[in-house]
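The structure appears below as structure tokens.
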Amino acid sequence: MKLPVGILGATGMVGQNYIRLLENHPWFKVSYIASSPKSTGKSYIDAVKDRWQMPGPIPEQIKNLLVHDANIVTEAVGKCNFVFSALEISKEAIRALENEYAANDIAVISNCSAHRHTEDVPMLIPEINHDHIKIINAQRRNHGWKTGFVAVKPNCSVQSYMTPIFALINAGYEIKRIIITTMQAVSGGGYPGVASLDIVDNIVPFIGGEEEKSELEPLKILGSIKNDKIVPIDSLKISAHCNRVPVVDGHTACVSLEFGAYKPDREEILTLWSEFKSLPQQLDLPSAPRQPIIYADEENRPQPRKDRDNDKAMAVTVGRLRLCNVFDYRFVGLSHNTVRGAAGGGILNAELLVKKGYINP
Amino acid sequence: MKLPVGILGATGMVGQNYIRLLENHPWFKVSYIASSPKSTGKSYIDAVKDRWQMPGPIPEQIKNLLVHDANIVTEAVGKCNFVFSALEISKEAIRALENEYAANDIAVISNCSAHRHTEDVPMLIPEINHDHIKIINAQRRNHGWKTGFVAVKPNCSVQSYMTPIFALINAGYEIKRIIITTMQAVSGGGYPGVASLDIVDNIVPFIGGEEEKSELEPLKILGSIKNDKIVPIDSLKISAHCNRVPVVDGHTACVSLEFGAYKPDREEILTLWSEFKSLPQQLDLPSAPRQPIIYADEENRPQPRKDRDNDKAMAVTVGRLRLCNVFDYRFVGLSHNTVRGAAGGGILNAELLVKKGYINP
Amino acid sequence: MKLPVGILGATGMVGQNYIRLLENHPWFKVSYIASSPKSTGKSYIDAVKDRWQMPGPIPEQIKNLLVHDANIVTEAVGKCNFVFSALEISKEAIRALENEYAANDIAVISNCSAHRHTEDVPMLIPEINHDHIKIINAQRRNHGWKTGFVAVKPNCSVQSYMTPIFALINAGYEIKRIIITTMQAVSGGGYPGVASLDIVDNIVPFIGGEEEKSELEPLKILGSIKNDKIVPIDSLKISAHCNRVPVVDGHTACVSLEFGAYKPDREEILTLWSEFKSLPQQLDLPSAPRQPIIYADEENRPQPRKDRDNDKAMAVTVGRLRLCNVFDYRFVGLSHNTVRGAAGGGILNAELLVKKGYINP
Amino acid sequence: MKLPVGILGATGMVGQNYIRLLENHPWFKVSYIASSPKSTGKSYIDAVKDRWQMPGPIPEQIKNLLVHDANIVTEAVGKCNFVFSALEISKEAIRALENEYAANDIAVISNCSAHRHTEDVPMLIPEINHDHIKIINAQRRNHGWKTGFVAVKPNCSVQSYMTPIFALINAGYEIKRIIITTMQAVSGGGYPGVASLDIVDNIVPFIGGEEEKSELEPLKILGSIKNDKIVPIDSLKISAHCNRVPVVDGHTACVSLEFGAYKPDREEILTLWSEFKSLPQQLDLPSAPRQPIIYADEENRPQPRKDRDNDKAMAVTVGRLRLCNVFDYRFVGLSHNTVRGAAGGGILNAELLVKKGYINP
């Protein structure tokens, strides 16, 4: 018996990815799809039509599902235990709507940025801050919700380097300063998104709002719960340069980092990375990569086309660990932005929350 | 009456660019071409054949020039006043051969890296260190050369950010640390160079030797002449991450920099950049950009395809000047790697050296 | 004294190309720009803003021109002798509006498809059917217009093969059947146009309406004037497969053609192509290529990036002429779609019409 | 118990694809790998090194296999029942070597073009001409071989359109003339293969030898066995234009075809395609696509990135079936060139030959 799950924003790119990745999920089954009012009442295949961007066709069991209006929360009640939110409306509207689902006893696992800095909402990378899920108890008390709640995941590009960085912090090393340059895939811009005239034989050294997210979100992810709030760490400074490049999928990041007083040597870092496992691996969650951090030995890796699909596209692949002329070390990190960085990451969050009893069967 | 000039390595990509850019040069005329022994004795069109990569056809006056053996220096004597060197042999062989041309009274303006760290050889970006040409007098004394000498230009990617950085140093601001990530065009890898399977829907986060060059060469460029040697500055640290991206021409750099005790404000930097002119502009050299540093106001520029050709592809275009979360400022720089960064830069060097009397008509 | 000219649809991609190509035109000067009502009253730089797609900046003399409402025809009166039309509204609206300009004594040189099959409107490729301009006299009589008229140019992809085909027809050879496959650049789709997710590592074997245009328009271009109408030829059948490919500029066409009873041999075709000149060359029009058809000898040419800019991007480059296994001959044709195939072609039309006295100074 | 199989040319691109596709094959297990003498004696991982181009790492069980010299046939004896040949040497050398393996009782399933027009060697697309395997009996008699033989597969691009064409012929319709234009992926050129400077923002309208293969090979595939020879059909004429495009994997073909006296209507063609099954489907061979011909309804499909992986990358996807203005019908066909068109096609051939008793367990 699989858990019935809903998708809000099911016709957009992230929604399509949820549908694709959930097709054969061992625990979950898509039972409810909702979108903006203009698709309401259509079958999914009619609503999405020429905009289906996934490899392979729309899964058979989804084609004829009726698309509901995501704004009418009561329609979802009784049809699904929780929803994945990939809404494409204003932040204010998303916050209100996600809260309303939670108030109606429907847990919300969100891809949206709206609630990322709400103090009692966990922003999860399960390998890093799985213990932040405890804040959900406070969140429920604050709102008077019973079984509903909101949990979010961070921005897609953050996954390309945060797990390897956390593996070092986790071993007791303080990291003080990080300068990052990302080279991000066009799929991160949605569809139609980035115009071909902006990206064929070109790069665009700007992605609206991306640098701010990359500099702020890690501080909350690495934060701790105090007085029923998640308090960001204040000992770390991040500077991010974000670029769009002519790559379909896979965000690459060049990272320079400075340790505090104690610095591991190169061999120790490689060992910390290769041995790093966390709760998703211990719980053997279906979407968890067996090896969360894969180190590529070749001097010219990781590369997006060749490494983005490693371990079901859920692993982070790193390479080129070497001394930095200015800080202590530098390396290159890579993850699949629409799987690990979006729908796949959301599904892993849901798996964790089911396993830990926050979502009831 | 134009000065006759020779090209060593005339059949390679850089050599082809010299031929293209010199086609209508007001001062210089290609009178001698040389290459490896296997092309010797052929006409240029037969030697280069299917490997001609320039837009448009081989210039008419070059097509039937005989290709000489670059190793037989005496063949060049009497046929040209100076040569552009774009040899593709070992560094040791290049050093020896360039010296031999100089010993035969033929000045060598080199694109090669072989002599870049020879202490009495100037490594020139004319807008920055034009005064380094004075070392040529010492070089001639050291070797007993009369009119010959060797001058070189730095690596192609360095031009994308060094002039804007120098404009700030030139105004009296000390810069202590720089972290740079480059996104470099495939033309920088020569022909056939980068395989399409490595770059379509992909990036390669590694270019052999490029990071070392990017970290070392600026120190000499910013150095000063002491006791007949160019002594690199030692107060600056640079860390470079170099990536290959699917762009035909134009190297882009994301730069974070840290000033010393005194820091300009943003407006002052913009003014320093927009007002920056140097000797090539004052001398009105034919290949000098009128505006060496162009600031692009749009939030998503510079972009390689749209900005690489600015001012005859000889300007550096910068943009996105903003505060850095970790250092003081960050910006994006761009220049055309095969023009400003290679053949065009070499020609500008030659123009400077003619105008200042180091190359005799 | 240059002729003042207006541009309708000046903020779109074709409009931007007109502005770029007219910057230093010897006969014409942009004096009037108009667009949709939402840009009305703004300066050009404010109206076009982040959508400027041309290499290099907006020309200085255009930046601050006021953008007029293209729907208010009377505003153009007295400000320009003729207009280039690159409107992006419905065909019906374009037909009505272009007629209204003509009725107000303003000649219209149009890029739009709206009037392409109007019987008294010439659809011009000046090297092929310059004599069709005589229909303008009938057009003026039909409408009671004095100095105004409408002339159009065909679809961009047609230029890549029609001139070489015409050169054979012009020599007396009948051509009966043509099968063409085009590989068209993304700039043909406007901006934002083709989504990057549709074209990075991909091709799209469909362009809406393009095949129909490619099959019909040549018949009118090759037609003749009878009873004050342009009557298409009926002895030719064309089948076109149109594809979008990841190329910025330059439409390539693979052509197989079948002659009537008489067939030239390969040498004769090459001679006909290399010797082909027409009225634009005889009149030495400023935008006319000196050599309208350039044959590339290399077995792997023409290629869009390497050949699109031949002769100011106004020449057609052909190559690979060889026997066809099914028809008689096959070859590859290429032209620059936004220059020869759009704004450059429109400017050449205007030059012809000025020189022949249809546009008055 | 899996059949042990060898791979000749194991370090090249096709060889790598065999290794990747055979990793979890239900019947076959790679037990022997051979390459050119310069790799002999190394482990596979050392021999292939930086040239491994497949997504994901080298399979564990292959990494440490010793690479043998493909020229020393006796080394393979006893180590494998048959070999996949992907040799990259001269045609003459391949013919001799493949024969020598066969003479040593090792069956050869070849990807190479060397034996494609040998009269007693079947060139197989199992869905089309599976009955050609009977010629192997004659081949064995001609050479005096016992269990060895040579069977080949056709050129990669041919698969993109031959199965849909055959489905019509198979239903009794004669096809007289076909004009095809292909747009072929860079992976078809091997590694390093196509230079990035030839394909970024570009297409190359020429692939050496490809048009000849595309025009000749189908005639043999559609031929019949007479007097112990495969005799090509002579009633069909094909003309092929072959282009290289910036796509990683997947060859696309635009096809115009002319029927004989009887022509199916559009609905009948669609039915013939959707109902087409052949021996590989009836035998339920592991690599056989369940649906050999998939028709994509959308007007802009098939597209290489979105359709190449259909049905394990072994199906042909067609679309845009419509009337042709010159011939009878036209359509677009697509298949994955390195799977269906190369290693996957070879494996399907082997599966057929095992099942039909030509390769002994």
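The letters A, B, C and D name the chains in turn, as written, and every chain counts its residues from 1.
Operating definition for what follows: a residue touches a chain if its C-beta (ideal position, glycine included) is under 8 Å from a C-beta of that chain, and two chains touch if they have at least 3 such contacts.
Not measured: the values here are computed from a predicted model.
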Review point. Going by the stated contact rule, which chains contact chain C and chain D alike?
Key: A, B
Review point. Where centres are the averaged C-alpha coordinates, which chain has the largest centre distance to chain B?
Key: D
Practice item. Starting from the mean Cα coordinates of chain A and chain D, work out the distance between those two points in Å. Key: 40
Study note, to complete from the structure: Distance in whole angstrom between the CA centres of chain A and chain C is 48
Review point. Could you state the distance in Å from the CA-based centre of chain A to that of chain B?
Key: 43
**Study point:** Numbers and ranges of chain C residues touching at least 2 other chains
**Key:** 53, 198, 200-201, 246-248, 300, 305-306
Point to revise | Residues on chain B engaged by chain D in the complex (per definition of touch) | key: 53, 186-187, 189, 191-201, 246-248
Practice item. Using the touch rule from the top, collect the residues of chain B that touch chain A in their complex. Key: 177-179, 181, 183, 198, 200-206, 215, 237-241, 243, 245-248, 252, 254, 256, 299-306, 319-320, 324-327, 330, 332
Exercise for review: Within their complex, state which residues of chain B touch chain C.
Suggested key: 50, 53, 55-56, 200-201, 248, 298, 300, 305-307, 309-310
